[in-house]
Every structure is written in structure tokens, then in C-alpha cells.
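In this document, chain identifiers A, B and C correspond to the written order of the chains, with residue numbering beginning at 1 in each.
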Amino acid sequence: MKFSPELDKKLNDLLTRYPEGRQRGALIPMLMFAQDEVGAITKELINEVARRCGVTPLQVDEVVGYYSMMHKKPLGKHHVQVCTNISCLLVGGEELYEHACKKLGIGHKEVTQDGQFSLEEVECMGACSWAPAIQIGYDFHHNVTPERFDQLIDALKKVQ
Amino acid sequence: MLYNEPSPLEVRVLTRRFGLPNSAHIDTYLGTDGYKAFAKALDMTQEQIIEEVKASGLRGRGGAGFPTGMKWGFVPRQSPKPKYIVVNADESEPGTCKDRLLIENDPHQLIEGVLIAALAVGATRGWIYIRGEYRYLIDIMDKALAEAYARGYLGQNILGRGFHFDLYTHTGAGAYECGEESALLESLEGKRGVPRIRPPFPAVSGAFQSPTILNNVETFCAVPPILLDGAAKFAAYGTPKNGGTRLFCLSGHVNKPGVYELPMGFNLLRMINEVGGGMRGGKKLKAVIPGGSSCPVLKAEECDLPMDFDSLMKAKSMLGSGGVVVMDETTDMVKAALRIMKFYAHESCGWCIPCREGTTWLKKLLSRLDEGRGTRADIDLVGDLSKNMLGRTFCPLGDAAAMPTISFVEKFRDEFEAKVARYAAAAGSAEPRLISLAQ
Amino acid sequence: MADLVTLTVDGKQIQAPAGTLLIDAAKRAGIEIPAFCYYEGYSLQAACRMCLVEVEKAPKLLAGCTLPVAEGMVVYTESPAVVAARKTTLEFLLTNHPLDCPVCDKGGECELQDMVFRYGAGESRFTEVKHHVDEKQWSPFVYFDAPRCILCYRCVRVCAEGMGVGALGVVNRGVISEIAPSHGDHLECDECGMCIDICPVGALTSGAYRYKTRPWEMNHVGTICTHCSNGCKTTLGVRNGEIIRANNRDRSGINGEFLCVKGRFGFDFNDNPERLTSPMMRVDGKLEPVSWSTALTAVATRFAEVKQRGGAFGVIGSNHTTNEENYYLQKFARQGLGANNIDHFRTGDVATLVDALSGSSGTLARFDDFYTAKAALVLGVDLAQQQPLLAFKLRENWRHHGLKLFAVTPGPVREDKYATAFTRVEAGQQLAALEPWRDQLKAAGELLIVYGASIKGKAVRDLVAFGASLGIPVKYVPLVDFSNSRGAIDMGLVPELLPGFKPSDQPGLTAPEMLAAANLDVLWIVGANPFERTQPAAQNAFIVVHDLFLTETAQRADVVFPASSAYEKNGTVTNVTGELQKLKAAAKTMGAKSDLEIVGLISKEMGIKTGIWTPDAVFDEIRKTVHGYNVPLPIIATGGAAQTAPVNGRVKVEANPALIQSAGDTLYTSGSLGRYSKALTSVLEYPGQLYHPARGTPVAEEAEASR
């Protein structure tokens, strides 16, 4: 499987971080970094990571199904994650999520037709004191009101 | 970056560099006593370091509150196996957002804490396990690690003292369960985050089956100040057996939510009213989850208490991870209980029967109760199932789901009953026999 | 041995070595602590929580499967708290279990049913919607019904740890966690079916067995698998004379519950519609069914005529027939017909080894040695494909005792995964490859040497010399291919040796020589199929064949007798490690007779007294006359394996090593029998291949962690 030279270097570097013979340690970071470039954890990627880490594809698959940030289907270009866990819930997280559904016209784990946005109702993301919070991709946005949400989305739409 | 105004009531020990320009850079760190504690530790024996940490009264900041020095002392230093250090930066407990700040604003303090731990047990390698959502922290941490390598604080022959230590970041991928130390180790080894059978504990057989010190970010970050200023000084910030300060994450219905470093034993009501600026909109306090969503909820009248491990235990709750979730009189406690159970059902690893099946059953039950499709018998069932999960599961996640649920039902039963009654009245029958349709 | 500690379980004082798990200690004291996930011999899971017990001074219930016993411990395994906990755990389990017991194959032998019967609630408080997933077929034999699965992970462990395959895993998380096969929607594995039998519920079911019967409608007959030489005990489930299932859940026999694909699914040749059910005779150039008396008379007449005129007989026996049949056949041939041309197709050089080890004792390995040996040397064999039980046992030895294994094979083998060292060497060069390991082997203190058919003749003597030069106790196993290959040699089914390795003073032709001899008057082939490869040179020979099927050989016969299969007769067989075990007739094919009876009837028809032809009577004679076969009767009578001991009989004759040739069967082939097994021929996606680049769990440290 062909990766960009940067990713390839990164994946090779990951293998050196674990004790001799325990290169399986690199499995999860490899999948995460490769997912960012490939767009999803494809069968091909699973086989490639299995090969690099010296495990069976099934052993990779077991891991992929376990972690909620690993996706076998491509997400939108901008993956919008809205937290509705307790701290966010108390200050409007649920309303924000419903607003996000309407704004984007999609539901939980769905992707817009143009592939630009995907939405996920997520568990606590570690922004409880600045709730309600969302993440778009890996970027945190704190104290998000519906209005602020619209601004963020509109700004991303404009960039395209 | 800081996301809330500091409070004048804070005692800034771990957060002392927060707000300094370029606080994450090694030059800033070195300019503010950085790596001096490590230099000091280089001249101490391993026993001395461990004794100093013991004397500080430092207890694990991840949630369980186990004495840190004692944990370090369990590592068999004579073992021929390599020793490892693992930092738990898988901060996932709902209500908790402190480790994020410690890494974002002062990554070198964490590196220094880890180095001291490595010295104390003769470790050669370490990993900072950062939850997948905190990708930006991996970039910050990697930069800090590169700086530390460049300045000779990591790698071969550190500071010319013949000490070798390598430290790496390791990303998680979205799993609350990996905050549990043995599940984290499985994840570090490239496996599903399923906890291990213990004993053996990580101190004896941890990362890659080698002796390992595994602590929370905040715990490691407390170590440089302890060594630098002395254990006694650190201990004195807090209450007996609860040494030091702690980062509290105030969230929910307060005027000034935020992360604040306060002495251990700080009064909870004062925290809400003085640090947090009081209840939002002048509403009345109804309840507080004192240490993240796993902790039994406290009713307003139970909140006049010092925030330390022992006082909270006396109040039949826990200090947990420092996530203080404040709820006012408008809070729908059935909905809150449901949201918390939904979380545990989502995060249950599925390994053992009571947790795997119990959390989902409870989620479905609470969901019906919340939507008014429940009966009084269902309320009893919620309590009964939770009690039957408690203490029976493979790892503490089952307890973490059961404990708050039991407390919600016991302390706010009237709200559960009101929902049953309200919908029952609407349906024209005192106890509608429920027919469950969709989930 | 560890120090004994004394503890109290349910008021009963028991003793156990310190460190023993409570669940084991209790079991040995006759107290059963229930469990789903705990499985003796495999890694601990502590997942099902059924084994929670009350321990005095412990703040909560503890899992008996991970709790080491300690001095003074006081345990209650059936206290009200424990029973209540089990009741709720079962209630939790049943929330997503479909409760389709009336149509579930496992009904009646389901551990979940039994557990709910014993501890479960009469009613469920669960009124929510169950999580449903459709059933999947993963291979010709393996079906998976996820909702029935209780996630005890037995299947995952038996596949990875037991079989060394690792074709099953767990995907997803939480309540939707599911067992998954190696290749997305299907399995590529050994198809051994171990996962199916170890499943405590009906989640994994067998394609061969599903929906065929209720378990209580079958009779269960314990006999010995007729395929390879390992000699696994198999329990045949028989209904109305038809074999429906094979497994070994009672763990009797040397194999415990191990069976490979052949043992578990390859029994169906027995009910193949092509089975011969009547003798056949060539009439006007065509084979026609005839009565037994017609066929017997024809054969007896011809045999008598040839014998009288001093004509030449050639007799080729089988690797599958019983010791009694082989003994009786050679006795009748040698003494009754005066025929010294008697042989079978040899698959391992046992005789040379027996001779090379003359004068020593305890040097021929027993099956138990595979589990206890400190070190093992595997030479020129793909054990997982050809000797699956031996491979399984060595792996178990490694998991439990840290066996040091050394492999010298022409291609990759599964043993590589955990071998201390391995090397790739072609046949003939194996010995040289051992030299670098000399010190390591010596250091092991004792050694088990397992070698394939490529080591024969002088190479065997060289190997024994190498073993002796190590100066440590060394035991040997000469590998052979089939269920009674070893017994055939022991019974003198070779021209140069009489039963018990006594040299024959009138050695006749070997099997290849018989096929090549143009002047044979009679060629009598009992349960072998040589014409598949070689046509006989004797154009005018009268050919008599016993077989289950109209094989290439039978098709050329003048008279064909329909023979019973090993699953249809009594008698004994000797496995690869020289253990004698009893066959027990399970099924019956109308019209067929055992080879023993056929030989007996021919003998009778000819008026020759060869002795009573019941298995017991012949075995009695074998015990009296064959060296090393004087085994204790109670052992085999109760279904055990009794060690035969042919060493110390110096074998004075040397056979041509070229006669020794492995058939090269894999996991999915079994000579002619395999061709008539629909089950074995249905495994298409994963054809058995020797020395295939190894599949399986590649991470050694993982398996290490599991032991």
C-alpha cells in the first residue's frame, strides 16, 4: 500500500518506539495516523498494518472494531463531533446536537451528500469546564452556542 | 492556552507556569526552575526519591487515589527485566479536563516528573498514552520531547550522568476503558482495551510484561514541585494523608466554570460559590457529582465538605478525577442518570457479562423511565440491577456505572416516580403495564 | 511440588498446593464451582463471573478461577449471596440470548441451559428489545449464531492457543462484541471444529450435524478414529445405524477432546452410497453382485487349487485393518496358504529403529512424552498437517511446561512459531543441521525425537547415534501415516518379519515386487488400493480384493468382498506411539463383513484351521505370541490406551529403505477413505498443503503470555 513519504516515515518511526519484538505496540498509532491520510480504515490498510506489525489481519480487525475513533467507512472532510455527556448536557449540549443535525441535515454517523461534513454524537471529549464543546476533526471549539456553531460551519463551507 | 480566567483562590503549584508567554517551550521551563528537581534527583538514591514522594502524601490523581510513593516502591528494581514508565493521559472521565491543560501549557513539567520516576526505579523507556481526541497535545508533546532530547534531558547519557531514558507519545483511539491502567497497557501493546487479570499489578508486570510505573499526568506533574520545594511543603498544601493541591474541573451550572488548582480539602460549597462564582442565574443547587461521572452524586445538603479522598469516602462518594459537575434545581435527574448510563453502555468493553449486559439493560430501562414509558417496578429494577453489577464485574467500569446510578435512584427517587406518575396520569392508569416498542 | 495449604470450602477442609486456583482445588475435592469462561488448560479470562464465591474477610465476591488458594482461606461456593449473584449473572446473560432452545442443536447438552436450570430465575425481568444479528456460515463446517454467544472466549482460545491457528477473534465493543472469523466473512483454518465442540452454547454449530437430530436420540459409541496414526478416541453419535456426529466431549482417550477435521467430520465415508454391500464376481468380464457363498466358494476353490499346485500367492494387507485382522491374515497366508509374499505399504521405518535401540529400555516414546518432554526435535514432518494430535500435544507442552522445540523441516511449519530454533533442510541433510544445536539439546536434559518417513535405513541409525552422543535420555517416535500402520509392522505384515519383529526364515516378495511380478497366480489385496498408482504385472493372476468401495484396485478384481469399516468392527489398533486401543463397532453396513471374518470364512471354506476368528480370540493369541503385546487387559477393556513394547527384540533383517514412503496425506486427505468423504472433499477454499508458509498466531509473546 502506498503512503505519502511523510506518513511512511512516520509509520516506520513508530515501529522503533517499542521494545524489540513488540512492534505490535505501534498498531494503534499506525492505524490512527494512516486513517487521517487514507480517509478510512480500509481492508487494504488493515492488511498493510498487519504486515508492518507482524500480526494477522484479524488481530488488526479486532482492534479496529474496538476503538470508537477508528472508522471503516470514510467520514466527511470535516468530521463534526458534538459532546452530549453530562457536563455538556447540563448547558445545552443536547440542544446543540439537535441543532447540528438540522444545520447539516444529517444524523449520527452520517455524511452529507457532498462528502464535506459528517456528524457524530460523541462521549466526553475533555472540555467539560468549557461546555458545550465540539470537535471538528481534531480541533476543539469551546462554549459553542447554536449561533457559534453556524458560524463555524459556514466558515468551513466558504473555504471550499 | 487557558480557557478560563484563573481564580485568586487558587494555589498554583502545578499550574505555576500557566499563562507565561510561550509556557510550553523548554526555555520558558528552564527559566522557571525547570529540570532542577531532576538535577536534584540525580544526586539522590532511588530510596530517597521514593521516600520523598511518600512523604509528600501524593495520591494518584487519576481517580483511585492510591499513594504514589508506595506504588513506586512496589517496582521490583532488582528484576532483570527492563523497567518502564507509562503516563496515563487518556483523560476520559466525564467531567474531567485537567490533564489536557497540564500537557498543553507545561509539557516539560510532565517530562521532568517522568524522568524522576524513571530514576527512582531505573526505567529505560516510557510512553505518554494520550487519548486519541487530544491529537493536538501529541503535537505539543512531541515538540517538547524533541526539545528535551536536543538539550540532553532525554536519550543516551542524560546530562552526562550515564542515565539513559527514551520517552515517546502514544495515541489512543477512542476508548474510555483505556483509562483503566491494565486496559491502557493492553492498548499500548496494540490490542483491544480489555483489562488484565490482576495480580500481577503493573508495578510487577506492566507494559510488555515488564515492571512499570503507571500514573496519571497530574500525578507525574506533582513530582517536580515535590522534589524541588520539599515533600513537607507539598504535603502542607493539603490535609493530612491528602497532600498537595489538585486541579478541579468545575463544570455545569456555575457562573465561572473552569479548571482551578486548589488545595486538597478545599470546601466544596466554597468552590462552587467563591471559585465558581456561584450558581448560574441565581438558581438553587440541587446536586454535585464530585469527581467525574463514576462518583455517587451528592445532594445539595451533603456538599458542605472538604474535597479530599477521605472526606468524600466518608460521604459515600469519591474524589475521583477532580471533575466537579454542579447541577441546579432545574436539572432533570432521570435524564442525567440516563446520560451517564448511556456513556457506560457505550464504553463497556464487553469482556464480562454483568457489565456488558447490565449497562445496556440499564440504559434501555432508564431510557423508558425518562420517556415516561416506565413503571414503579422499573425504578426498583434500576436499583436492583445496579446493585447486582456492583462488585461483580471484571474491572471497575461496572462499579463506575453502578455507583452513580444507585445514588441517583436512592437520592432522587421522587423525580423518577414523578415521571412515572405524570405519564401514568396522562394515560389514565395508575401503573401502565408497559409495552416496549423500539429501543 | 509446592507446599500444601489447608483451606475450608463449604465447611469441608481441603488441601491443595499453594498457588492452585480455587476452582481447581475445589474440583479435586469434589466441589464444582460453575463457570463458562474458565477452561482447564487455556488462559484465564475471569469474564463470565459465574465462579464468584464468597471468601471470608474479602469485601466482595471473588472469582474462583483466578483466586490462588491460601492457608486458612474460608470459602463458600453456594452461599445465598453467591447463588443470588449467579442468578443475576444468568439473567444478564439471557437478556440478549434468543432462548430458541427448541430448535437449537445444543439443546439438551447446553451448559447455559444446565446453569439456568440450576441457578436461574423462573422468569426474566427483561422487557426490552433484544439485540439481534443474523446467523452466518463461516465454512462448510462452522456456523455462527451471534445472539446465542455468551462471549466466554473458549473458541478464541482453543483456536489460538490450542490449535496455534488464531482464526477467531473478537470484534466490536460492549454489548455488540462478536466473535469473528479470520477472513472477514469466512474462516480459513484447520476446520478442526474444536471451536464448535468447546462452545458451551449453540453459538457455533456444525454444518455436518446441525438440525439432524436431538442429542438424546443418538447412541454414543467410543472408538478410535480410523484416519491418521495418532489414535484419537472418538465418540460416534449413531442414530438408526447412521453415524451423525463425531466428537470426544467426555475427554476419554489420549486425545482428551482433541479431534482434527478428519476425526470430527471425516466419518461420513461410512455412509457413502457407494459403499459395497454385496460380494462381486467377474462374470463374462464384468463384476456382478453374487452371494457370499458363491464368492467364498470361488475364492476358496481357486486358492486351494493354486496352493495345491504350488502356485504363487501375493498378499497385500492394509494400514487400516485391525491387529487381529493383520495377524490372522498373515497367519492364514503363511501357514494356511504357504504364502510368504506378504506385505503392506510401509509409511515409516519402525523396524530399523527398533533394531537400533536394541538393548535399551524406555527409548521408544509414549504418547505422554509429548506432553512431558523438556525438549523435542521435530525432523522432516509437517506435524500440524500430518500428525495433528502430536502437534497439539507439543503445543500444549510448550504452553504449560515451556517445552523447548527444535524443528528441521523442508518448509515452514506451524511449530516455527514457538520453536526455540528451526531450520529449513531437505531430506537427507537433517542430521548435519542438528550439530549447531548440540549444546542447547544437551542442556535440555532430555529429548524427544520425532521423525518423518524421509529418515529411514542408515539415517535412522545415524540419528540414534547422534541421540546417544548427547549423553541425555532420548526417546524416539518413528512417524507412520495411518491408523494401524504401526500395528501392521508389529503383526508381521511384511515379508521379512513375523509378528513381533521375528525374522522370517522364508522372506517373500515385498509389495512393489508383487506388483511387478509377472508370475503371481493369486493377488489378494485386503483393504489397500495399489492399482491407483501401479498396474500389476501378473496379467493372469486371480485377484481378490476386500474393500469398502469399488476402488481402482477393486475394479480389476475377480472377486471383491465388501468390507466393514473400522467404525463397524471390534478389534484393536496400535497408534504411532505404540499405544494399543480398542475399536468398538458403532454402525453396520448391511452386507459387509469385517476382514477378519472374511479371511476366517475363506479359511473355513478351504478346510484350513487357522483358529477362531473372533477379535477376542485372535487378540488372546496375539498377547501370547507377539512380543510387547501382552498388555494389561483392564486398560484397553475400559477404553484406555495400553503401551506395547517391541524393543529388545533385535531385528536381524534390514529392509530396503526405498519401501518406506509416506503417503503425504494432509489434514484434508486420507488415502481412499478421504476421497469418499464428502466432508473432507468439501473443504475447497483452503486446500491442505504441506509446508505452506505458516498461518496462525504470529506473535510469540502473546502465546507466551497465555501460558
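Just so it is clear, contacts are C-beta pairs under 8 Å (C-beta built on N, C-alpha and C of every residue); 3 or more make two chains touch, one makes a residue touch a chain.
None of the values given here were measured: they were computed from a predicted structure.
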item	value
Chain whose Cα centroid lies at the greatest distance from that of chain B	C
More contacts between chains, A-B or A-C	A-B
Inter-centroid spacing, chain C versus chain B (mean Cα positions, whole Å)	54
Inter-chain centre distance, chain A versus chain C - centres from mean C-alpha coordinates, in Å	50
Distance from the mean Cα position of chain B to that of chain A, given in whole angstrom	23
Where chain A touches two or more other chains, by residue	22, 24, 55, 59, 62, 66-68
Junction residues of chain B, two or more chains touched	175, 192, 208, 346-347, 349
In chain C, residues with contacts to at least two other chains	170, 172-173, 701
Residues of chain C defined as touching chain A within the complex	166-173, 180-184, 696-701
Of all residues in chain B, those that touch chain A in their complex	3-4, 82, 91-97, 99-100, 125, 127, 131-136, 166, 168, 170-176, 187-193, 208, 210, 249-253, 257-259, 289, 293, 323, 325, 327, 331, 335-336, 339-340, 343, 346-347, 349
Interfacial residue positions of chain B with respect to chain C in the complex	175, 192, 197, 208-209, 345-354, 356-361, 364-365, 368, 381, 385, 388, 391-394, 434, 436-439
Chain B contact footprint on chain A (complex, rising order)	17-19, 22, 24-29, 31-33, 53, 55, 59, 62-63, 66-70, 84-87, 89-91, 123-131, 135, 138-140, 142
Sites on chain A touched by chain C in the complex	21-22, 24, 43, 54-59, 61-62, 64-68
